[in-house]
Amino acid sequence: MTKRIAILGASGYTGAELVRLIATHPSMEIAALAGDRKAGEALGTVFPHLRHLDLPVLQKFEEIDFGNIDLAFGALPHGTSQEIISALPGHVKAVDLSAGFRLRDPAVYEQWYGAPHAAMALQDEAVYGLTEWYRDEIREARIVAGTGCNAATGNLAVLPLLKDGVIDADEIIISLATGVSGAGRSPKEGMLHAEVSEGFHAYALTGHRHMAEFEQEFSKVAGKPVTCTFVPHLLPQNRGILATIYVKGEAEAIHAALEKAYADEPFMVVLPLGEAPSTRHVRGSNFCHLGVVKDRREGRAIVFSALDNLNKGSSGQAIQNANLMLGLEETEGLMLAPMFP
Amino acid sequence: MTKRIAILGASGYTGAELVRLIATHPSMEIAALAGDRKAGEALGTVFPHLRHLDLPVLQKFEEIDFGNIDLAFGALPHGTSQEIISALPGHVKAVDLSAGFRLRDPAVYEQWYGAPHAAMALQDEAVYGLTEWYRDEIREARIVAGTGCNAATGNLAVLPLLKDGVIDADEIIISLATGVSGAGRSPKEGMLHAEVSEGFHAYALTGHRHMAEFEQEFSKVAGKPVTCTFVPHLLPQNRGILATIYVKGEAEAIHAALEKAYADEPFMVVLPLGEAPSTRHVRGSNFCHLGVVKDRREGRAIVFSALDNLNKGSSGQAIQNANLMLGLEETEGLMLAPMFP
Amino acid sequence: MTKRIAILGASGYTGAELVRLIATHPSMEIAALAGDRKAGEALGTVFPHLRHLDLPVLQKFEEIDFGNIDLAFGALPHGTSQEIISALPGHVKAVDLSAGFRLRDPAVYEQWYGAPHAAMALQDEAVYGLTEWYRDEIREARIVAGTGCNAATGNLAVLPLLKDGVIDADEIIISLATGVSGAGRSPKEGMLHAEVSEGFHAYALTGHRHMAEFEQEFSKVAGKPVTCTFVPHLLPQNRGILATIYVKGEAEAIHAALEKAYADEPFMVVLPLGEAPSTRHVRGSNFCHLGVVKDRREGRAIVFSALDNLNKGSSGQAIQNANLMLGLEETEGLMLAPMFP
Amino acid sequence: MTKRIAILGASGYTGAELVRLIATHPSMEIAALAGDRKAGEALGTVFPHLRHLDLPVLQKFEEIDFGNIDLAFGALPHGTSQEIISALPGHVKAVDLSAGFRLRDPAVYEQWYGAPHAAMALQDEAVYGLTEWYRDEIREARIVAGTGCNAATGNLAVLPLLKDGVIDADEIIISLATGVSGAGRSPKEGMLHAEVSEGFHAYALTGHRHMAEFEQEFSKVAGKPVTCTFVPHLLPQNRGILATIYVKGEAEAIHAALEKAYADEPFMVVLPLGEAPSTRHVRGSNFCHLGVVKDRREGRAIVFSALDNLNKGSSGQAIQNANLMLGLEETEGLMLAPMFP
């Protein structure tokens, strides 16, 4: 039976990507769209690429009738999100794409996000939405917290290695590059085309918030506190994240650990040993490509992880989780092949 | 029942786009892939974005068993194409994406393509694949000739205006800009990233081959010889064509003619009068967005047409035609929403 | 003797381009930089590409000591500019890059800019800064109004043709495409990288303000009211304008008129008949490349004009004018070769 | 007195960049241009951005009269280069931009370049062209070997740290990203716009040739064999290299070492501690921007180095060296400010 979906925060890029994906999802229909600033407008005006779709008009959150909504996606800023998700009726499941429910420890949340957690009751039942690692809990969850897009990219590559103990947990360096859509649609000088194109630089030099998700998940899997070096860079492209991860360990064992971890996963592609992925080959899709290359230095390897930040890193992951929560086939609506070129 | 498809020339961009689209097409399966230079390779090696798919290995054309193939897509250079399509067994329908069968007059073909037509017998039964204008013939055809991507962009905008007589047929100027993927995957100096990015220029200054398709179709619909000015430009982007068409006529009548022509068309979107489309809002899709704007000069208007050259301009159009030829729903596999950003 | 220069509005792109050019100008030195919002900051903080230069700190306009300033460049919004330029001491010459002084008729100014002209006294002495057409007046002027960047691109191509009467003045269509830097550095949603890259569209559909400059100059040279069709498009690139101009006239006569007009001009390059320019080949320079191509339709031609909007279209032109006003060699500091790739 | 310059291999990007820079160099003039495949053509045909210049026609190498040439730049493939440079008359100084003379140990050359060194006699007198580290030798040299562009980027950042012993020489990881122009102008599928734009990936996975220059120079300065991890990535942009270097050491000491090393260098800009450079802020210039950021992990730091691969990484560096060799001011012709945006 078709599930009725509400998207809260439909005027941002992750909201638009949810709509794009649900447009061809065989078991979901969009029953409500909330977007406070754009309430009253058609989504086709806000996002002309969606103008062929027959969609409900954007409403204010409080105007939505949640009576027959099965699941809501929250694509809102993290502060707002905690409050809005808390206000949902109990029968509505939720996948929140913000940072609102990603961190289990409220002190850590406050440290990185600069404000106390506003919905601790819900936090305790929220499941971290890294599907391949929390599938069983997600299936039973009412609230799932979408991961950070950078966090997903790194965690998917590193967790199997920590689990199998094939790398030195104290020597992990994540050198990551991301496209601009992760920064959202709010106008900022640094995100103008003239500022971004034909250039490359590192950002968040005093620490990127997704670091908290690395530490949380690395430590959980390793069974001890683990931190790492994490330097994100901004790419002159719209979509895609590539994490280049420098580790201590044998390339063969690392590659075997990844193959073992993801042998039956529909969206995880482990390349042959010695090959490296490209963001362009996962663009617009829910696939994550992993690669392992032997370093020239003995006992070291480089692990690569590539995904589309708006899709597998965010809206695709959210639908994958929603499929599980709604008892649908996990891959429904998500088998779109990447778009290249 | 699932139709069995062969793709001849699968190692180019239009071939890859066919595979991408068929990957989620509910009634087609890829039964054979031909690619002479890459015979023996997996398509996932040639196009890593398709590596998650379970596809037949690339073969030489003569190795393919066409016994149970329903339809073949030809994604080959135009010279080769005439010969290959002629060699297909009679039970195999074909949509040829090359220029091999686009021009009904062999003299015109020779004039623009510099060689005599090599398959005139087939030419007579080939239908020009502009779906919205030849739907009935396409449904019955064994051979359909995919249109030029620029030609599709202009023809879809201009034909309704000539048909309804709302513009002066002698005063049509098509100023067009196209992304680089239309030039194909063969290495050429002028298509290097360093040559294309951060720049814009007109090309084919002595006459672009798609002009022949404008003249053929314009004249047919107008019922008299019609030519036009046509200047293509190369955009520093991968996909997308925008035709900006300067015409003599009243904007309101022009807009009405477009709305009338395409009222029931699933892929044609006529924007409200005064709005103009963008290539980014049709990217990766089979949609074509049309717009009409009144000029400041009396009695003149500007008509815009935007589509994705690899999709609606080529591989999407081909599948739309194949759907008709195979008795499938015309929109099957083609309702993917555009990808933005 | 070195001339002392003030730049008013140094925190925008045209301001930065002025600084870049003056950095290697043998007869100018930057004596003062005004930038109200950034007053107190070093320009190297606002524009890190200029951090190697030893420059005065940004000041508020009223803090500048104009006592020994020879010439001021105004790189401010047009409203502000009229007031600021009026407030300059009489011994200070000024080149204003805004629209404040471009239009001789105050009614036309008000029509296009939506506010009455605030400095009519100065307007009467201001010279329109299209150097190649107003060189003698500029040499004597105290106030020169920099032209619109699109206006410069079109005017440089069309004025010689109207002057020599080799085209039909009633049949001019300017189809123009411009890079994003012309929109300035203020954050706007439509100028974000994710909105601009991989896409192309027309803008200013109800009429672009630079149209007023076409009408003013075309009419003046033609000796009768002339208007035209003008459609600007936004390119996914940072710099560069290409005007593709569709005209009625003989290509040979048009080409001859351009060659005659610009035979002795240091920055105007007329390509051989049949060739067309590219924005990438003038990037970062004060050169303008012109080309003429015969149309397939009898008695028609296409004229191309390419320049760098921040340089020849704005800051380079401004320095060219300032050189004349200060009695320097016109080409001083401006012979930088374009940067390609 | 003006020095007479020959450029051997003027039809590639580094050749064009040499011409661009020499065009405004006050003490150099281009007396001869060699480009075998394009002999007989004007350089303005090969590179239209240089068409305003009055340049000698391209000749075959053997046609050049070296009688009054002071210095030749070799911008040829490395194999060819060894032979051509050897054939120069003894009075002609040479800066070779290829890899032909970079590696002092012929066995290492053969290992990385797959062929025996063809000009060992000259190799012994060739000086490695990292100007800031070999200035005195370069001043006296007849043959200077331009460094690899990636090698320059890394060496300029790492050598001061090894010299001062502020980092662990066994724990250096160079994660580098480069624009496409470094790959040259020869058409290759992987360098097409459609393949490069909107994507990011690592390349040279089995070892990049510039590694040999890191090992050679690191070991020399450290006084013991030093190797490192080096992973280059390809950026969807034309120019610019950013090296992100992960090291063991105290950020403050590292920053101090860089400041000390480059205090008096005209082209080296050390940013304040905690800031990181961007390739866009050195584009088109001979500047190199260095930055140091403290890692969250104790006793570790990240060092950034950004330069323009065609300029400071290649042609700018070559002119800087040539200035020294010819007794000119080291900075002559090279103080062009970076071009942004």
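Note that the chains take the letters A, B, C and D in the order they are written out, and that residue 1 is the start of every chain.
Keep in mind that, in the parts below, a contact is a pair of C-beta atoms (placed from the backbone, for glycine too) under 8 Å apart; a residue touches a chain by one contact, two chains touch by 3 or more.
As the structure is a prediction and not an experimental result, all values here were calculated from the model.
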Remotest chain, chain D as reference, centres from CA atoms: B
Message: Need the CA-centroid distance for the pair chain A / chain D, whole Å please.
response: 39
Query: Once you find the CA centre of chain C and the CA centre of chain D, what distance in Å lies between them?
result: 35
Message: Where in chain B do residues touch two or more of the other chains?
response: 13, 181, 194-195, 197-198, 236-239, 277-278, 280-281, 283, 341
- request: Would you identify the shape of the chain contact graph, picking one of line, ring, star, complete or other?
  value: complete
Message: Which stretch or stretches of chain C touch chain A in the complex?
response: 13, 180-181, 185-189, 191-198, 236-238
Query: Within the complex, which stretch of chain D touches chain C?
result: 13, 16, 19-20, 23-24, 47-53, 181, 197-198, 238-239, 269, 277-278, 280-285, 287, 289, 335-341
- prompt: Within the complex, which stretch of chain C touches chain B?
  reply: 173, 175, 177, 179, 194-195, 197-203, 205-207, 211, 227-231, 233, 235-240, 242, 244, 246, 274-281, 283, 293, 295-297, 300, 302, 304, 306, 341
